[in-house]
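Both of the next two complexes hold chain A, though its partner changes from chain B to chain C.
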Partner chain A sequence: MKLIKNAAGRLVPGIVNNQKQIPFKGIGKHKPTGRKAKPMIKSCADFPEDGNKVVKNLKDALKKSGLKDGMTISTHHHLRNGDVVTNYLFDVIKSMGIKNIRWYPTASFPCHEHLIKYLDDGTIHHIEGSMNGPLGRYTSHGKMKGIGVLRSHGGRYQSIQDGEVHIDIAVIASPTADQFGNATGDRGPSACGLLGFALADSEYADNVIVVTDNLVEFPCYPWQIQGNNVDHVVKIDSLGDPAKIVSGTTQVTKSPDRLLIAEYVAQFLDESGIMKNGFSFQAGAGGTNLAFALYLKERMIKKNVKAKFIRGGSTKYLVEMLKEGLTEYILDGQTFDLDGVRSMRENPNHVNTSPFTSYNYHGKGNFASMVDAVVLGATEVDLNFNANVVTHSDGYLLHGIGGWQNCLFSKCTILAIPSFRDRIPVIVDEVTTLVGPGELIDVIVTERGIAINPKRKDLLKAVKGSGLPVKSINEIKKEIDDICGVPAKPKLNKDKVVAVIKWVDGTLLDSVFQVE
Partner chain B sequence: MKNKITKSFAGKRGDKIKSDCYIELKKKSAGGIKLKLESKVSSMYGSQIEDLIFDMCRSFRLRHAEIIINDFGALPFVIAARFESAVRRSEPEFNCEYLLEISKKNKYKSSKERMRRSRLYLPGNEPKFYPNAGLHQPDGIILDLEDSVAHSEKDSAQILVRNALRSVDFYKAERMVRINQLPKGLDDLKFIVPHNVHVILIPKCESAEQINLVEEEIGRLKSKHKIKNDIFFMPIIESALGVINSFDIASASNMNCALAVGLEDYTADIGVQRTDEGKESLWARSMIINSAKAAGIQAIDTVYSDVTNMEGLHESVIEAKMLGFEGKGCIHPRQIKVVHEAFAPTSEEIDKAKKIVMAFEEAEAKGIGVVSIGSKMIDAPVVKRARKIVKLAENNNLLSKNWREEN
Partner chain C sequence: MKLIKNAAGRLVPGIVNNQKQIPFKGIGKHKPTGRKAKPMIKSCADFPEDGNKVVKNLKDALKKSGLKDGMTISTHHHLRNGDVVTNYLFDVIKSMGIKNIRWYPTASFPCHEHLIKYLDDGTIHHIEGSMNGPLGRYTSHGKMKGIGVLRSHGGRYQSIQDGEVHIDIAVIASPTADQFGNATGDRGPSACGLLGFALADSEYADNVIVVTDNLVEFPCYPWQIQGNNVDHVVKIDSLGDPAKIVSGTTQVTKSPDRLLIAEYVAQFLDESGIMKNGFSFQAGAGGTNLAFALYLKERMIKKNVKAKFIRGGSTKYLVEMLKEGLTEYILDGQTFDLDGVRSMRENPNHVNTSPFTSYNYHGKGNFASMVDAVVLGATEVDLNFNANVVTHSDGYLLHGIGGWQNCLFSKCTILAIPSFRDRIPVIVDEVTTLVGPGELIDVIVTERGIAINPKRKDLLKAVKGSGLPVKSINEIKKEIDDICGVPAKPKLNKDKVVAVIKWVDGTLLDSVFQVE
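Moving on to the complex of A and B:
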């Protein structure tokens, strides 16, 4: 396979799965022109006047949608690791003898290990989405027929809007829906919160199938997915395991080292002056992130500071801040626990958002760049602040990108990470896979100290004399090399690209190689 | 050779094991060294691990063996300790040591008077807690060979603790080891004395004689290994007899730096339940404080065992401080900050201490012998206490080190 060196100095293929690619040109450099992709014209004359689009089963819906070999089928990760719909969908596709599907999920979870047999037998040709856990390992061993394509949530919207990916059939698992196809995730036995990730699919796919285990009488109001975009509705017994769809309660980490990292992040926001009246931040649901939100909350109360908005992944902890008036709004991208789901349903200031509002490269602006500070994780960061979030230092692909790349555009991007995990260094000479260019990454917070990107002279100045353990990234690296030893590079087959990393604009940022 | 065991093992394995390894050793009479390594970090560190094991085999003159390693991200000092334990277990009379180079970062000294507000206990056979322990900034870390180590692992903990003292950076925390109850504890000393230990905690101490025994053995080891650095003792009083003899114990050696109390064993010894209120141990604690102060050393309180209750911990430190204790044991890193904050002087105490120190320094500069603030005379002990408070305040970031200029 012929590889081209892109503007970030990484080698990427010119063609992926027979589609011509554009190598990464630099941040904000690639701006396609022309018109966005057009959805297929449909006429209401073809749909029942009584609004009842319920078909007898999923197979019937797929048949009516004209399922054929080589089609692109999309699913969404609202049900997280509790999802049984996707696995069931491919059981049905297999039973129909269909081959070479391009699976286009918004993310995959370990529960989708079930699909490995369909990758083996050719039912699925390749995945464009995320390859988590077992699917990632499978991909890393070079077993997938096509090349995996990893995109951010914003990049997924971009790829639909500029025509790079055309979805033939979107299957939207919906915790509550009516027979017309109006659907929502905020209620029902399998409630997951919101369905924002399926928005683009519902608008652009040729055929949209809503699958629900809670069919209600029209109108399912308020709705998140509009029935007017939906072709068929299928009722099944259960969308999945509610305990794995949202956790009853999200747990704050008990690890003393992660708590220390969280404390440093909160102290950094406070002492750098970012934490002030009317500010905004984003925090996810990882253990460190939850703890960070709690420490920040303590500091906000102490200094009587109120945020304008917090961007979720919402959890009980953010919901409490909303209730206590510490923030005016939660702009929520996904809901991680039952308190989050309830709040979204009941509190008008808990707003549901989508990749369109928050991340889309072809939007006329997006929320991610308006956030004062975002706290993220990473699997690796290198001396130039470049970061990796998909592969580990042994070369294995184990995670998707999610909204991570999109969030890098915030005014202050903080990676809160341990400096090493079980002898595996997190701070390295050069990242195994480039997912986030260093120029967008401002601060690295580890248990061994805080490294600020030398480009951010303003931040360096702001925390001078603060008592925070500010060090250079090289100093932290030296410290962990003394502890762990200098690692050997992973043994990768540089002739065999198993997956590619897209930048938010659709260009190719890096390649993932087969592990030997 | 008698007592020769051909198969031995050391370390830990299982799904939940992190930063440790399991090593199985089968000695053979021919065939050279055969090493089978399974490691989650083999692509990064496989060859470094192999080099280490082969070097140890050469050093131990081990020529023919099958070695199986299941590694869960163990650091080199852990792998070396586990392999040495396996070799020792295969040959009870084995007496070689494989010493990794002592890290330059570990060569700092301690002093008898240094602050000992917090000391963090680290189980002597649990290496995963070591590399980051110092980051939580305890005044001291304790590598524990006593209660936290299962009886069957006492031998491997000695080796692991020895390696940790040489290799692990504890970030300037005072380096302490709790040995086993005597006489077993005397055997522990040879694994720690030559490796820059600062303080030895002597558990369940009941007589001055026990201190003398430890001091003698340390003296012997120090001259054998040509060790110059001071090694201080912190006897722990954990019985009625120990409380009664506490002054003798506290004054038994010039190397005693502090006297600590252990209440779990003490309350069991006097046959009562340990309560939060602590009435049952008030007399013992006061006795220990007075014995320590009479001998001119620090008094250190027991641990607070509910790691989730930070308010309870705070209250317990305030009470300890009120009684006269200067330090508290910690069993979780999150307790350290709470302990330091609670031991920190209040702003009224700091203001008063600043005034006293300033007045004293002014008088000294002018050559005046007698110092007074207002109508109150200030004598030496008052100045000493004030200086201590100022230092505590500086160490807790409650007072700038340049406070004299800023005043």
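Moving on to the complex of A and C:
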């Protein structure tokens, strides 16, 4: 396979799964031309006048959708590790004797290990979407027939909108839906919060199937997915395991190192002046991030500071801040716990967003660049602040990108990371896989110190004399290397690309190679 | 001009404003093929990172949008007869020396008489959109340079979606908006309720300009129009006259005849069995319709019947029914009074809809056909139940179509009309202009009796022995003609088509001819 060196100096294939690729050109450098994808025009004359689109089962819906070999089928990770719909979907597809499906999930989870047999037997040709856990490991071993394509949430919207990926059939697992196909995730026995990741699919796919275990009378409101975009509705017994769809208990870290990192991040926002009335921030649901939110909250109360909005993924800690008036809005992309789901359902200021509003780079702006500070994780960071979030230092592809790349456009991007994990340094000479260009990453916070990107002179100045342990990234790396040593590079087969990393504009940022 | 006889037996041009037309083929007979219009792909790299899209004035926004001769510019009738934005817009366009604009409003009102001078001087080439009052009269006199094109609200969405009308610049007057272009109509000094009529424009126009007199901090929520679709934001002093944007007082009719009609309609819904638990209905804001809603409410209370949903246009009478639990939802298309606006803002069960959800015929179904009964008006009805809603019997084009054609798809379409107006019979041999094919019209209710379309044997049976004054339409016509006489047909120049009436699928249903 011929590889090309892109503007980030990384080697990427010119063609992936028979589709010509554009190598990464630099941030904001690739200017798209042309027009968006064109969904099919349909007619009400071909749909039931009473609005009832319920068909007898999923197989029937797939048949009516014209399922055939080689089609692209999309699913979504709203049900997270509790999803049974996707596994069931591919059982049905297998039973129909269909082959070579391009599976286009927003993400896959360990529960989808069930699908490895369909990758083996050719039912699924390859996966384009995040692969968390077993499917990533499978891909890393070079076993998948095609090349995996990893996109951010915004990049996925962009790829559909731009016509780069044409979805033949979208299957949207919906915790509540009506017979017309209006659907919501914020209620029902399998409530997951929202269905925003399926928005693009509902708008652009040729055939849209809503699968629900909670069929209600029209109108299902809110209609996070609009029935006007839906072809068929299927009722099944259960979408999955509620305990794994939304965890009832999100745990704040108990690790002293991670608590220290969280405290540093909060202190950084405070001392740098970012934490001020009307500010905004985003933080995920990891243990460190939850702790950060709690530390920040303390500081906000102490200084009587109120945020204009917090970007979710929401958790009970953010929901409490909303209830207590510490923020005017939560602009949420997904709800990580039951408090988040309830708040989204009941609090009008807990607002449902989508990758279109928040992350799509080929739009007229998006919300991500308006956020004052975002706190993210990473598996590796290098001395130029380039970061990796998909592979481990042993080369295995074990995580998806999620909204991570999109969030880098925040006014201040902070990576909150331990300096090493299992004695493997997190700060490295060169990242195994480049997922985030260093020029967008402003601050690295570890338990051993805080490194500020030298190009952010404003931030360096702002925290001068603050008492924060600001160091150069080289200093921090040296400290870690002195403790852990520098581990050997993983053995990768550089002739075999198993997956590629797209940048937010659809260009190729890096390749993931087979682990020997 | 060569005219073709369509499936309804009406004469329509083969070409309108240089665009080839499809003559009406019958209801549900025209099957669209192909794919939807393709909006331009844009990039966040070309929009400000802080999301601030405010430009200094409307002229600047038009320049940045590349305004030039012959472009299509859209506006919307959310501000109704209180709109000053559209007049100001064309003052600016005129000042820039631009000519031959196709003006594509959702509707025009008497306040837009100001624009006649721009039709005269060639700034505006022609209007595609409803013309209520003076502009309709102007058109009827054959003074407009091009041919007017009248579409229903759903037909307008369809025409944009299908690429039949490409909008170069959409100008969306927005009672509240943020710098990013998120906009809502449900609050602000010029609050009008909702902005659903501009949805298609925001999705498909090449350039979208939001004009507001109430610029708020991001995020403007709800975002009825999404900033992600907006190019420029313009702040002006005032969108218009609030008293004319939303009337504070909607008047129930005091006419004994019209009260009788309203009572008959309510009685009909009751006696026919349509009024039952979980039913749905739609009625407009005219005086007769308001009276109908009140009579129906009485009957609902008496029989302890609750509706599942009421379709707006909403008024304080519908809002009261929502508050009193007589309906679970109002699915609203526009708010006709201040109570409607407040309810939409405050009551989560008062739901914002759009022509996409409710009316677009080239979708995967829409809400209109799910409504149990709809009560509409008409200027004329003929013996085959064909109806007219745009011209008077004197031939003048004085009204728009609104959602009227779309509503005909209800399970029971009722025209509530006086048998004559100013001694001009409303039931005629042949309608001046065909806007609604008789096969979709089920019941005509006049003060002299109720005519049920003979094809609705079920309804005839349902009200048998009910005491309702059911008569044949011929009987009612004879009674009227005995009183009024049959007036002379208007003098129309059949060689000069001044406007055309589109059916909901984009085909040509009828022509409006010049009044001599």
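Criterion: the second predicted complex is superposed on the first by the 516 of 516 C-alpha atoms of A that agree within 3 Å, B and C clash if a C-alpha of one lies under 4 Å from a C-alpha of the other, contacts with A are read in each partner's own complex, and residues count from 1 in each chain.
We adopt the following convention: contacts are C-beta pairs under 8 Å (C-beta built on N, C-alpha and C of every residue); 3 or more make two chains touch, one makes a residue touch a chain.
Just so it is clear, the model here is predicted, and its values are computed rather than measured.
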Is A:230 contacted by the first partner chain B, the second partner chain C, both or neither?
second
Touch check for A:448: first (chain B), second (chain C), both, or neither?
first
I'd like to know which partner A:483 touches here: chain B for first, chain C for second, both or neither.
first
Which partner, once the models are overlaid, touches more of chain A's residues, chain C or chain B?
C
After superposition on the shared chain, which partner residues are touched by A:53: those of chain B (first), chain C (second), both, or neither?
second
Footprint of chain A on chain C - complex, ascending
28-51, 53, 161-162, 180-181, 208, 217-219, 221, 223, 226-231, 278, 308-309, 329, 331, 348-349, 351, 356-357, 360-367, 369-370, 409, 411, 505
Across the complex, what residues on chain A touch chain B?
256-257, 259-260, 393-395, 421-424, 447-448, 467, 482-485, 487-488, 490-491
Looking at the complex, which residues from chain B come into contact with chain A?
18-19, 40-41, 43-48, 72-76, 103, 105, 131-132, 135-136, 169, 332-334, 397
